[in-house]
Each structure stands twice: as structure tokens, then as C-alpha cells.
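Here's a structure for you.
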């Protein structure tokens, strides 16, 4: 029995032990569920021989994983939180990678009548006045942070039975919204990859405030000496390089591009 | 615990048992009161008495499976014990005997075949022991005990659950072993069995030793009132 | 209902087509749960055997604790092990977090109390049956452990199957300590959770069907063992 145990463990440990070069990236559920990683990571491997293992969590958790040193690279979409991360010394710098936008999703019947307006503040105000069901991520994710900012800009404090925090990722939140015919804020990437839409449609889009910037950071080896600094930096370099940026732009669902690379450009007029 | 027996104690020869002032209680109920006797080598000693007399407890005290509340047991020689329901392991007949031998540190595996011959079951050596009939299982238990070549063999109502044919077979084996020099100490509630097998009788009633006598004497001239009542077939209270 | 039916159909064809990603997930699940069961057995079986035959002060409390641990929520076990294996934790230098090794550890921790408690039950019953005769033959409780383990081998195999079934079915622990990394620590249960949340039902259903087949197979094997044991060893 003992020998079989050791043999089994050895077999399982072998991929890691057999000198496969790998890095651990903590990223967000929305990024992973959009399918982006499935597209770009094989290209990264071809270019560098490094395998990237992605642990997908909410932005808050992804940053915590970086703080604990359990990842080499952090790739999320909450600028304020990322800059805090750098200020705390867990990374030495953050860089733009790409952006996409958020959209306000809702039932085709649109009880709050937000469709047709490009103004997210107006849309949210109407939802609050109509007390129409709204699903919030409620999980310290980048999407959640963005959502809270938008409520603030709309001048509304969302409380009441119509405002439901699910504390889960984008996918489960979308499922819940579909089941309850509710409104919610989603990133376009996850929405495009989502297959259980039922009555849900995009009702508000195009507001510059709905812009969503992604950033990448190497976890600071001075704080966590075991971090794979060289290989992690190779990922940061690749994804901000023309090759990596082209890979991002090349990812499409049904012909639609999900993410727009902007590593070398300043971000467009932002949410504040 | 290990019922191996001691060396010669206090002037005892091989295969001797002495009980002195044995008392035993369980759950606040006294089961044995001040039982004292000694048993020497020779023909089988049968311990008889009504149910609840304490026969099984007495046997377990003699074999040191139980510790007395007061008093002591002295014995010489190697011991083995059979129980009313044979307890065999979930393996083959031969493996059961081999297990007992290895526990005793005996390397001579030839004893397995020898023991099975003695109980008339050499053809069952490879069979799963627990799939045998009750009588066959008890004979396997006997073979296991005899393979150890004990000086004293305890048997606690070994045929109480067996049919007449199996009973006869077991009694024959026990008699042959006794004739070979194994000291048999056996309990039974069957008076007829006692008549058939006993060289000596010990009558137990309500936890006390009432009478101990050679079998012939006991059956023809019982000394105590309880013995006379028991032999008449009265129910002893 | 039509969606469900068509999703089921797609699921079946995914399985039959031998989709590589699907089978990688299945084989990883099996090897993680098997390894966890073996490790848990090495600890749980002797522990259960000891508890069955020995008596010592505090034994009652140990039994209570063990029975309580049987109900340990997998996600709690996962959380504790995550904290231990994190680079900022005491065992961080092992570098096990987010690897199959961590998943094996988490599942082993989960099912060891189950194996120990069930083993104790099986062997205590056997010991009650055998105690007098074994002691008569000179085998005290400690020496008897080997005998009991061997005699109870069929029942103990059933216990192992129960542990394996529990390990295969849990998702909380392996999700937290494994990170559900595609192609590396994604197992059937975590994949089902992910695909369901993405609304990709065919793949989730395919995995669900395979998982149920395994669970059914395990239970059928346990039943066959019970019957075989009665037939062969009595």
C-alpha cells in the first residue's frame, strides 16, 4: 500500500518536478470566463516556452493572492486597487494591458425603461426609482468596484429588496439575473461568452464611464523572494509587446472583438 | 492474560489447577463465592450445575480470561480453550490452525495435518472455515486447540448447540485426547454427557462449589442435598 | 426542457468522442481522489483499528472529535489547508498551493476521519466476536490488530470505497487549494461548477454524467464485495 501511494504521488508531482517552466497568474473570473486566456496563453507558451497557470478569482481575492506571494503575476481590472497594491510595495509598477467596457444588461421587457440612453447614471437612477430587480456581484471584484462607482456617480445609494448582492463571479451573477429577469452590470467579454441569456439583452452601452481598464503587475520579488521574477517579467513583457497585444486583439467571439489592447497608449477618458 | 500457565508452583506437578477463595462479581451482582478446589491430572473433570450457577465464569477465571475479585488461581502447563460457539477466523481451516501455531511461536506446520487427522477433517483443510456446519466448525476449533498440545484443555459447553451426531464426534475426540494425557476441564448442563465423559464431577450452584467427587461416587452416592435434587432432575433454585 | 435534452445529447457525444480536455479532467479527478484515499487509509485504518481494540483515558473524547470531523465541511478543510500551504503560511516553502498535491492533501484530510470512524466500527464488531478466543490463543489487543484487519478485509474495502466516493464528490476543498487551473488542477467537480456558472451546460452535464457513473460504480462494487464476502469467507 505504501509503495502505491508514493508511486501515485510521484506521478502527480512529476509535471511540476519535471522542470516544466511555469508561472502562476492570479486573475479575475471575468477575464477567464471570457475565454481570453485559452486563446493567448498557448501563444505565450510558443513564444517563450513558459506555461502560465491561471487562478481565476474576484479582483480583491486575486490581489490578496499576490500579497501572500502565492502568484507571480497579478492581472486584474481595478486601477485604484492596483495602485494601492503598488503603494503597499507588493509590486514595483503596474502597466496598462487592454480595456473593454461594461454594459448594463436587463430583461427585454425593460420595466425601468433604460434602453436607448447611453448615460449609465440616468439608467441606474431609473432602475432605482422603478425598484426593478438588480443583481450586484457583491464580491470585491473589479466589476463590483466599477458598479459601486457608477451608483455613486448616479447619486443613488442602492438599498432595498430590489438590490441583490450574490457574492459570486460574473457567470453565476448572470445566471441569477437571467433567472430573475433582473438588471445587472457585466463586462462585455463575459457577456459575449455567456450562453444562458434567456430574456436578457444589452440595454445601455457606450458611456465613457463604463470603460474598464486591465492592468498587469509582477509581484515584487523583494517582498517574496521565491517569486519567479524572470519568467513573470517575461509574461509582463510579452503581453505588453506588439505580439501579445496582437494576440489580445485577435480574440473574437462570433466575429466580435472583446478586448482592446492599449499597453502603450494612455487610457481613454476615464471613469473617475 | 495469556493463558499459558506457570511453571511448577507450590509443589504442583504438570497439568494441575488450584483455585483458592475465588470470588467474582459483575455489575454489582456476586457470581462466585469463595470457591476453592484443586484438580489434578487424569480423567476429565466436569463442572456441572444449573444455568446461572457460574460455571462459565469459573472456567474463564481458571483460564485467566477474567481476573477474580478475590482469591487466586494457580496452574501449571500450557492451556487451550473452546467456547460454546466456535470462533473461527474468516480464512481456511488450515489457516486458522496455522494462525494459532504462529501465535504460540510454534514453527512445526506438520501439526496442522496431524490435528486435522485427529478430528477426522483432513479433507476440509482448504475450505473457508466459516462456511462449515456447526459441528465441523467445533471440530476445527478442537483441532486448533489440540495442535498446540496443551496440558489442560478447557471446554465451555462445547456441544450445547450441536446435533447428536456432531456431539458424538466431539465427545469421541475429547475422550481420545484425555486418554492421551490431556487434562480436560469441561462445563456442561447435560447430565447424560457428564455421565459419559466425567472422571470427576464438581457441582456448582449459585456461585458456590457444593460437591466435588469422583464420578462414580457422585452418581451413586451424592453427598449433598443439592446433588441429590439435581440428579433426581429437580430444578434447583 | 428541449434545451436540457439537447444539452444531454451533446454531453453524451462529448464523452463518446474522447474529447482530450474532458478525459484529462476525468483522469486527474480519479488520480487525485485515489491518492487521497490511499493516504487517508494509511492513517485512518490503523487509527481506527487502535481505537477499536484499546481503551485509554480520553478515548471517548477522541471518538467524539472524530465523529465531528466526519462532518467537516470540505470548504472549511480547504480554507485551513490553503492558509497552511500559502507562501505566507507555515508550509509555504513546499510550493504545493495550486497544485494537485495540495488537492490530494485536502481530500486526504477530509476523508481520514471517515475511514478511521468506519474502520473502528467494523473492527470493534469483529473484536467483540473474537476477543475471548484470541486472548485464549495468546493474542492481546495489539497483536490482534493485524488479524482483525485481515479478517475484516472485505468490510474494509467497502470502507475505502466509501472514502473514495466522498473524495470524488467534493468540490469545496479542491476548488480553494487547487485554484481550478485549466489543464492542471481542474477536476470534474470544479469543472462542473465553472461550466455551470458560464452557462455551458453540455460540458457540465457530460462531466456530471461521468461523475455519477463513477459514484454508481463505486456503490455497485461495494455491494458486490459484501455479497462476495458472505459467499467466500462467511
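Going in written order, the chains are labelled A, B and C, and every chain counts its residues from 1.
One rule holds for everything that comes next: a contact is a pair of C-beta atoms (placed from the backbone, for glycine too) under 8 Å apart; a residue touches a chain by one contact, two chains touch by 3 or more.
All values derive from a computational prediction rather than experimental measurement.
Innermost chain of the displayed assembly, by C-alpha centre distance to the whole-protein C-alpha centre, is C.
Pairs A-C and B-C differ in how many C-beta pairs touch across them, and the larger number is found at A-C.
Computed from the mean C-alpha positions, the centre of subunit A lies at a distance of 81 Å from the centre of subunit B. A straight line joining the Cα centres of subunit A and subunit C is 34 Å long. In this assembly, the C-alpha centroid of subunit B lies 47 Å from the C-alpha centroid of subunit C. With touch defined as above, subunit C holds no residue shared between interfaces to two or more other chains.
By the touch criterion given at the top, residues 31-32, 34-35, 38-39, 41-42, 86-89, 92-93, 95, 97-101, 104, 179-182, 184-185, 194, 196-201 of subunit C touch subunit A in their complex. Against subunit C, the residues of subunit A that register as touching in their complex are 1-2, 4-5, 8-9, 11-13, 15-16, 24, 32-33, 37-38, 53-56, 67-70, 168-169, 171-172, 174-175, 178, 193-197, 224, 226. On the side of subunit B, the complex with subunit C involves touching residues 1-4, 60, 63, 65, 79-81, 83, 87, 89-91, 99-100, 103-104, 128-131.
Residue ranges on subunit C touching subunit B, taken from their complex, read 129-130, 132-133, 135-140, 143, 147, 150-151, 229, 232-234.
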